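Both complexes below contain chain A, partnered by chain B and then by chain C.
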Partner chain A sequence: MTQSRAAWYFAWALLAPAVLYIVIIVAWPLIETVRLSFTNASLRRTYDYVGWINYQKIFDRDFLEIILRTFTWTFFSVLLKMVIGTFGAVLLNCAVPGRHVFRLLTMPPWIVPMAIGIFMWGWMYNGQFGMISGLLQRFGFVDGPVAFLAYGHSAYWATIVTDVWIGVPMVTIYFLAAIQSIPRDLYEAAWTDGASRWMRFRRITMPLMAPAVITMSMLSLIATFNSFDIIWILTQGGPSGETTTMIIDTYATAIGSKKYGEGAARAVVICLFLSLFCIAYFRMTRRLAGTDKA
Partner chain B sequence: MTTLAQKSLIGLVLAASTALPAMADDISWIYCGDRIDPVHEKYIAEWEAANEGWTVTPEVVGWAQCQDKATTLAAAGSPVAMAYVGSRTLKEFALNELIVPIPMTEDEKAAYYPHIVDTVTFEGTQWGVPVAFSTKAFYWNKDIFEAAGLDPETPPKTWEEEIAFATQITENTDVAGYGLSAKTFDNTMHQFLHWVYTNNGQIIDADGNITMDSPEVLAALQAYKDIVPYSVEGATAYEQNEMRAIFLDGGVGMLQASIAAAFRASDTDMNWGVAKLPVGPSAEGPGTLLITDSLAVFSGSGVEDKAIEFAKYITSPDIQLEYEMSPDAGLTPLRPSEKVDQLITEQPYWAPYVEGIAFGGPEPLFTDYKGFQNVMIEMVQSVVTGSAEPQEALTKAAAELEDYK
Partner chain C sequence: MVNPFSRHDSTRAMIDRYRWWELICIYCGIAVFLFFMLAPFLEGFLVSLKPLEQLFSSPYTFWPENGSFAAYRTMWDSVPMFALYIFNSLLISAVSTVIVLVLVVPAAYAFARFKFKGMGLVLGGFLAVSMFSGAVLLIPLFRLMRTLGMLNTYWAMIIPGAAFLIPAAIWLLRTYMMRIPPELNEAAYMDGASQFYTFRRVILPIARPGIVVVAIMTFIGAYAQQFIFALTFNSKTEYMPLPVGLFAYFGKQEVIWNELMAASFVGIAPALVIIFFLQRYLVGGLTAGAVKQ
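Up next is the complex of A and B:
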């Protein structure tokens, strides 16, 4: 055996556990899902291949509405997380007394188990016992109880607010780290040149934070697009399907109605969208890495 | 004998003895809830003692997941022997050959209250053994009635009175008249079916024809629409237990609820009453939806016959009654008996739960129960939120149900 061939075998031996892991955990379930998506698999122990029928069903009016809702829900949620996260990071970076305490105080939404946090919001949205409705009544903004999860529009925004509450701490901490990595010299030079606080933020902080913002936006986009727990616990996709997103619809189809074939087709569509996001993410990170080198 | 051989022999004996319990025949049981009821625990031990070599292994799974877990395991080809399931799913399981029939003798059938056996019967065969039974009754807060100028001792007997009383409460007090629950949740459909069965309505007939688009069901949907303005604000945000909490907190005057509401109301200082559900214009007597949960025996476990034997044992009249009367269960009795009569005499709030059974209707059986449930919830919510008129919503839903029967 030549030395190069031995090195080749050794390299593959080292890679083998990782390859095996990927095949078992990722590739095989993915291939199986794609295969299932072309069948009419249900509770029956046998099934037939049905071609593209499950995919044709996807493109009815209801599912197109669900796709659109998923995108708008994701867009608003990510946008709010980025905006609030940026302001939060800037504020936490200020040289104010006790800022370490404030930094710690941003963490609870992230630390509290997600389901508990969501149930807490569920109670806050409750019209009869909820804090928000109570405060609105106390200060005379409304005459009677307001059940936020009762109506399509308010339930839609209520789920977004909860998702933002859970997602903001991670974004804030990530952005804070990005801000802290900006060299102080730049701010001192700008200050010496008479740049205002706003100018320093716009011309130094924002451009140098941009890679972090883009990276976090893409990661957040992927996580938010697949967000299941929040909507399921708060509304189960209701009322009247007004908070049903693609992942909720996929769960309801595959697990709820036991239409595993149809559910798999929906899962494949989600996977395609997420793949596009991932490709965009990798391209952007590569471009940003190129910019850094230049 | 060498030391190695001695050690090997000891090892073999130890391995064999520790493996023995695992080799014994076992009936695995998915048990829905937070913990095993002490009554079941006691009788499992007794059954095991009487059936040497057999064990029963209940696995406690929360209500939200237990149905899906049993189904998924069966669909994956590794079924549990027995599971606690909503009887509504039996048709779906039976058609997909996931469960085995559990035929009842004529004597066994006759022991139950009317229509109970119907909840587990499909194509003339029983597919489960009823283990839990729920009916609904009407609750009212007497103090709120008095404050609204109503007679606190006279509950409404008809829908017309119910809507009129709800109007009077809403207009004369600062609480809502009625607790209508219409959340995206399974009991939204159940709540509506109580209205259907108190008006002699029907969803699907014995031959599998969708009969929902009828004057009786339309009247129920119209009554829903009429009572919405006098109900707790935001009905689509609440399921029945959340509405019960509002009632117990004095936030609503009237409610339809299970016996558990009586247990909880007894612990408050609220002045309350319980009566039969008000009836619609086409009713022939007091009605209610009859919901049962059953023990289903899955095919392919290898212990089907013994599981059936155990299911019948654990639901036999004396054990079942003891379970129903245990403080945590809060279940309507499945069978009439002297003890039930005595219970009604001692605790009269049980009476309306039993009186509604004769004219009640079983939960409809569909091949895709979730699909059916979603259609019903969508129909109710569209009327409650005002996005559809009752007739329009009913016709649409009835057409959609054809896909799930």
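Up next is the complex of A and C:
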């Protein structure tokens, strides 16, 4: 078709509303965040530029610990999502009766309002009345009630488990689609040559799934790094800061304490990390696309 | 007479045949997996049936004794605004979906059909948006909403929320529209149709199934993810959506857990109805554009 001047105008006219919307709601606030990070903005109407003080303040405190915690929290969560997602996808791919129903039953954690799923986990983690502590006591694994959200270490893992629970359905469905797009001929050829089921999984499914796993772990990494609702509803970053990730820390500083300037500086640090992930992701997808063609 | 497909069919049948112990392993694995996925719902449902006294009693009882659906009746009295919260949630999701569609349908068509300099960069920009969560941009967004006088209105929850639904919607619909043969545009051009007429009269009708999928996905996303903007930009009880409104069951002294769980189940009913009736669209919609691209 003719790529005339009229077509050029038309194409950009089609794009303009969406671009404008994103510029106003996302891009401009992003720039504003950077600007505000150099001010002492708060609830007051006026504020001054204060240079790098907000950034110095961040690194004065135990911010490095928060960064480290954010990374380990994210790492374990993503790792578990990938492992459980692969496990689920391989099982749901099996040609057994009822598989369509099973596939459907994996979706609820993803589809229902996140806050509701988190409330339910909050109850399950309750020491006195919750299911997990109750069943552990019933079967004699622990002596007394275990309040999972009351201790730093268990709260850390409890929030991870809930995050994994919300993330697994998408990972599973995505991996399932990846497995199903592997040409069946490969399996049939391998079967004809006498390859066992494990061998076929090891030598066909796993290598051909690898690009999907890499893509998904990058996307999952970014989503998990941004995880807010789960920790906020379950622990609000407590007990004594043991589940405070960078997002929670930023929210508590900016919205909780109304220190907009300091909060903005923290947000900028998060954005820097996210940009790095983003670049890594685009690099990786480009490389994967390259190997596909070769 | 030998059926040319018979070997293929028998291979397919044989390759999918499991020995009895393999079947047991598969079903056990699936059971463990689904238990993890559904345990909170099971527990939540059982809690909603238990009387409050039984909930707060030790030792823990898994099964409700003389359970009843009483909480499903009393929840409406404890929090009289509850129906309004569900309505708010649905309204916010519906308006967000409309905004997203109005913006995304033309944009996705532009990305699918036209190749002009700079468009790849713009597409990359859209995708990058999905990498930043609303939490990072809360401060300037808060000030923006305040300047526009939108704090404590529905718009404070709709407008920022819609922005973060746009990238996925564009990606999904672009993938769908790329499958529409370009010959249609050429034929319309030959017949003297303008670009806009072609888009309106040729492309849109063909793309309708794809648009429906994107609308469903966007609606579900909007319904599932409304929390942070509602928590931060709105303090008026009458505008609260479900996830924030549920905090009303957290009383001053204790949480009315059985009613909270009953209310949660009423609240997720719309989502479950959608899963049930639109499962075909759903699986396609969730995975399209992801694997083949």
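The definition used in the following text is that the second predicted complex is superposed on the first by the 274 of 294 C-alpha atoms of A that agree within 3 Å, B and C clash if a C-alpha of one lies under 4 Å from a C-alpha of the other, contacts with A are read in each partner's own complex, and residues count from 1 in each chain.
Note that a residue touches a chain if its C-beta (ideal position, glycine included) is under 8 Å from a C-beta of that chain, and two chains touch if they have at least 3 such contacts.
Quick caveat, the model's predicted, so the values are computed rather than measured.
Applying the stated contact rule after C-alpha superposition, one finds that A:Tyr187 touches chain C and leaves chain B untouched. Residue by residue along chain A, chain B and chain C are tallied for touches, and C comes out ahead. In the superposition on chain A, contact is made by A:Ile255 with both chain B and chain C. In the overlay built on the shared chain, the residue A:Ala11 is in contact with chain C alone; chain B does not reach it. Contact with neither chain B nor chain C is seen for A:Ile160 once the two complexes are overlaid on the shared chain. Contacts of A:Gly127 after superposition on the shared chain: chain B is touched, whereas chain C is not. By the document's definition of touching, of the two partners only chain C reaches A:Ile270; chain B does not. Contacts of A:Val171 after superposition on the shared chain: neither chain B nor chain C is touched. In the superposed model, A:Met82 makes contact with neither chain B nor chain C.
Residue contacts after overlaying the shared chain place A:Phe228 against chain C, while chain B stays out of touching range. Annotation: chain A residues 128-129, 145, 255, 260 touch chain B in one complex and chain C in the other. Contact residues of chain A toward chain C in the complex are 1-3, 6-8, 10-12, 14-15, 17-19, 21-22, 24-30, 32-33, 36, 41, 84, 87-88, 91-92, 94-96, 102-117, 119-121, 123-124, 128-131, 133-135, 137-138, 145, 165, 168-170, 173-174, 176-178, 181, 184, 187-188, 191-192, 197, 212, 222, 226, 228-229, 247, 250-251, 254-255, 260, 263-264, 267, 270-271, 274, 277-278, 281-282. Within the complex, the chain C residues that touch chain A are 8, 11-12, 14-16, 18, 22-23, 26-27, 29-30, 33-34, 36-41, 43-44, 47, 55-56, 58-62, 89, 102-104, 106-107, 109-111, 113-116, 119, 122, 124-126, 128-129, 131-133, 135-144, 159-160, 162-164, 166, 170, 182, 185-186, 189, 195-196, 199, 220, 223-228, 232, 242-244, 246, 257, 260-261, 264, 267-268, 271-272, 274-275, 279, 282-283, 286-287, 290-292. Across the interface of their complex, chain B is touched by residues 42-45, 125-129, 144-152, 235-241, 252, 255-258, 260 of chain A.
Contact residues of chain B toward chain A in the complex are 68, 71-72, 74-75, 77, 92-93, 96-98, 182-185, 232-238, 242, 245-246, 249, 251, 368, 370-371, 374, 377-378, 381-382, 385, 387.
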